[in-house]
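Presented sequentially are two complexes of chain A, the first with chain B as partner and the second with chain C.
Let's look at the complex of A and B:
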């Protein structure tokens, strides 16, 4: 069947509880776009126009339903003073967390138009919005406060501090929250729909207790801030979130993107309250065959398509940078075959 | 509590900055259908820009809370219609009649009238050819007017829900649009047609017959009133069949409520157009005028918004403050601009709109109360300028011009509009006492530097 709606129209219907022509397809195609465009990774994440052009080329190739402005979760931490190395063909690597050099009180709030690579992100959003903003949502990934907090610190020390120095961790998270809000103001004015990503709050990284104590309250504050704008907010946490599934609606996010979770369990627990996004295993995209992918995606979509408040077919995590294009095509084509509502 | 700042027109970014000062309780205070979960609508323009209304990035907006409410409410209409259906209300599509069918529909409980025609703004607000391209794909000629985007919207069903009933006008309403409605019918929608008579003047009749005069001065054969009454009664019967109810007292109540809106809008127009300094921008004023047609799918909330706007304007007038320079050149605007940006541009270049003729004057005149309601509706509709001769329309515009407060007239000529093609030249020729600038409205994103130069030259010449 042919699409009847644009991606913009399709997402617009989903977020007002209406069924679109078919389910939205939003695999987390982030830095993989550089591969599609034949661009060096460093050229992708240090230049806004490059990032946007790579994303546009990717959408034109795969015809999925969102542009994803993102490369890695360090951007806010970098703008606050953490130092990163930029390998030519890899994502930035955290070298010196700012809290190794300064104390929390000394860290300034970033200026999104000036600090670190935040201007690169804003330029990418503006470029993509001007090119395709009437037809497709421009998703702007915002590192959540807990994840940023860990990138401001030595991650190992930070994890120990979550147990030994809760008030210090809280103040780092609060500072990160203020920085995320400042970035969101600019992202929204540029035309991007903020999507909150909190990979380091995953149960693969921290305990449910730590999640409840630090990550959840800061996610909720960020969602509440964005709800002032009446925006529909996606929260993505990769890895295993099974132990915290019941807590996720407390963030008040409107759409929850899951990774290593049993989809049926997620639907049972969440789908009457939030829209579900997920959760194809990205390692399969990297190493499997189109035939296997087709069978697995078909199974996933058929099981999730009628989730009560709606469903978006996606990968559980970022599409691997070097994933074979034929595998990504197999994912998208399969959803387009089985994900129809209007028949 | 948020306090309005000194009046001015501000950009989307400036509104975002200002929105930081709006409290959460103020945001939650305004809601449509009185629903707390999804009825909140007070958002800065940036919200709607994020959802695809790209032109908002270029527009300037009044900086009052009342204007913010106006924008939030009108931009929420598409969602509101879907929410209406989700919550069990009936969706009534009125097409081409411009102002009367909604008054009838609002007499029935939980019925929400709306105009699919209004989709013609979407390509401009979105700076997008998505709908126009789809309409062409569906068979409308490229050269038909922007209202063809309505056809695409019916095809896509992403801009409004499938209506429970559709009323479509033919006859003296726009024939081009009737063709679009026929194509909608071909898609499988069941249309209920009502015919609008052409308002013939006494001298154009072969057999003399009794004439009467509408409030706006248009003359028409008395029997047209009876004819329209029968048409409106058919609408009423269809509505009765749809809802299983029907009480003429409710129709009187609907007339009374619509009149409240019409009076309020006329008061707002008077205040704005006669003040020494323009207290409210032309773009917001146009949105206010068009709201008279149906109340943007929640008439009670719309009434409340209008009260707030009137208060804001009255305060500004009292203080002698406003949004334009005091020496702005007073202009009349004839025929609505499909592209909202033009109103902004004319003001930016030193113009001020002090009179409008947007072809919806029948929705601005009050409906007689205390008489048989269908007759009242029919008489009121006879004020429509679209259903008569160009000559009559010219005379009406000329009356405004002769009042002396207008230095120039801008007429917009819609690409593909057969009415405009004939009328614009005639109006231009016949308005002898005042300079006229005719502007061809280009497709979305089509405003050129050359057009700006023509407007600048016109305003400078008037100055």
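Let's look at the complex of A and C:
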């Protein structure tokens, strides 16, 4: 069947609890766009126009339902002083966390139009919005405060401090929250829809207790801030979130994106309260075959399509940079075949 | 006393571990017992708690600190021969990748498992892995990668080992978030493990034949 709605209309209906023509398809196609465009990674994440053009080319090729402006979760920490290296064909690598050199009190809030690669990010959003904003959501990935806090710190030390020095961790997280809010003003102004990503808060890393202590309150404050703009907010936590599924709605996020979680369990626990996004295993896109992907995606979508508050077909984590295009096509085409509501 | 040392490790108390190990030594407790029945046994319990999702990464890091606090005192006092096994493991995070928390947890659990561990650290060039296999002749080469962009280097290490005719001298095991069984098989690794406790079991299985 052919699409009847634009991607923007499709997302718009979902968030007002109406069924769109078919289910939204939003695999986390981020830096993979550089591969599609034949662009070196460094050229992608250091130049906003490049990033937007690669994203646009990718959406024209795959015809999925979102532009994804993102390179890696260090972007706010970098604008606050953490130093990154930019390999030509790899994502930025954290070299010197700012808290190894300065105290928290000395760290200034970023100016999104001037610091680090935040201007790159904002230019990418503006460019993409000007080109396609009337037809497709421009998702702008915002590293959540807990994740940014870890990128400001030596990760090993930070994790130990979550248990040993809670007041220090709280103040780093608070600072990171203020920085995220500062960025969000500009992101919204540029036409982006913020999606909050908090990979380091997952139960693959920290306990539910630690999640509840630092990550959950800061995610909620960020969601509350964004709700002032009447936006519908996605929270994405990759890795295993099974132990914290019950806590996730407390963030007040409108859509929850999951990774290594049993989909039926997530539907049982969450789907009467939030829309669910997920959760195809991304490593399969790198190493599997189109035939296997088709069978697995079909099974996933058939099981999740009628989740009470709605469902978005996606990958659990970012699509691998070098994933073969035929595998990504297999994912998207399968959802387009089985994900219909208007029949 | 040994039971309290074991508990100090499980309860993440490095100061107590130092204090108790020092007292135990003054009381002429056998250092091998302190190590095996106290520190190592404690760390094995930590591995179980981690596998059961009662402990998470921060808890394991703190337990490791307590383990090493005691281990550093005991290590000079015991000969290599008293270690449970002489199996030698070389461990490192691949070039371009600086995520080493997972590797550090594998390391402490391997040491708690009685293996001799040579830790190459993080961001390790391919040539360094090859050199160490040549000079140290380990039984196991364990490679970690946390990024899809760096995991491909694992295949390069294995083919380099083949070219230098070193492949048969060592078993290669791989791990890290983006790595899976399928990938490990594809690059012809000898094993894959999804987490630190199962990495130790994997080594036991490979060495046990």
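Odds and ends about this structure:
Definition applied: the second predicted complex is superposed on the first by the 343 of 343 C-alpha atoms of A that agree within 3 Å, B and C clash if a C-alpha of one lies under 4 Å from a C-alpha of the other, contacts with A are read in each partner's own complex, and residues count from 1 in each chain.
Keep in mind that, in the parts below, a residue touches a chain if its C-beta (ideal position, glycine included) is under 8 Å from a C-beta of that chain, and two chains touch if they have at least 3 such contacts.
Because the structure is a prediction, the values reported are computed rather than measured.
Bringing the complexes onto one copy of chain A puts chain B beside chain C with no clash.
Vertex at chain A: the C-alpha centres of chain B and chain C lie 170° apart in angle, rounded to steps of 10.
By the touch criterion defined above, A:228 lies against chain B but remains apart from chain C after alignment on the C-alpha atoms of chain A.
Shared-chain residue A:94: touches chain C; no touch with chain B. In the superposition on chain A, A:134 contacts chain B only, with no contact to chain C.
Touch criterion not met for A:86: it reaches neither chain B nor chain C. In the superposition on chain A, contact of A:18 is made with chain B only, not with chain C.
Following the chain A superposition, chain B and chain C show a smallest Cα-Cα distance of 32 angstrom. On chain A, the surface touched by chain B in one complex and the surface touched by chain C in the other have no residue in common. For chain C in complex with chain A, the touching residues are 12, 53, 55-59, 61-62, 65, 96, 98-101, 104, 147-150, 152, 177-180, 182-183, 186. Considering their complex, residues 4-6, 8-10, 12-13, 16-18, 20, 129-130, 133-135, 185, 188-189, 191-193, 228-231 of chain A touch chain B. Of all residues in chain A, only 41, 87, 89-91, 93-95, 155-156, 159-160, 162-164, 203-207, 210, 239, 243, 283, 286-288, 320-322 touch chain C in the complex they form. Within the complex formed with chain A, the chain B residues making contact are 12-13, 16, 19-20, 24, 27, 38, 40-44, 46-47, 49-52, 54, 57, 78-79, 82-83, 86, 126-128, 130, 155-156, 158-159, 161.
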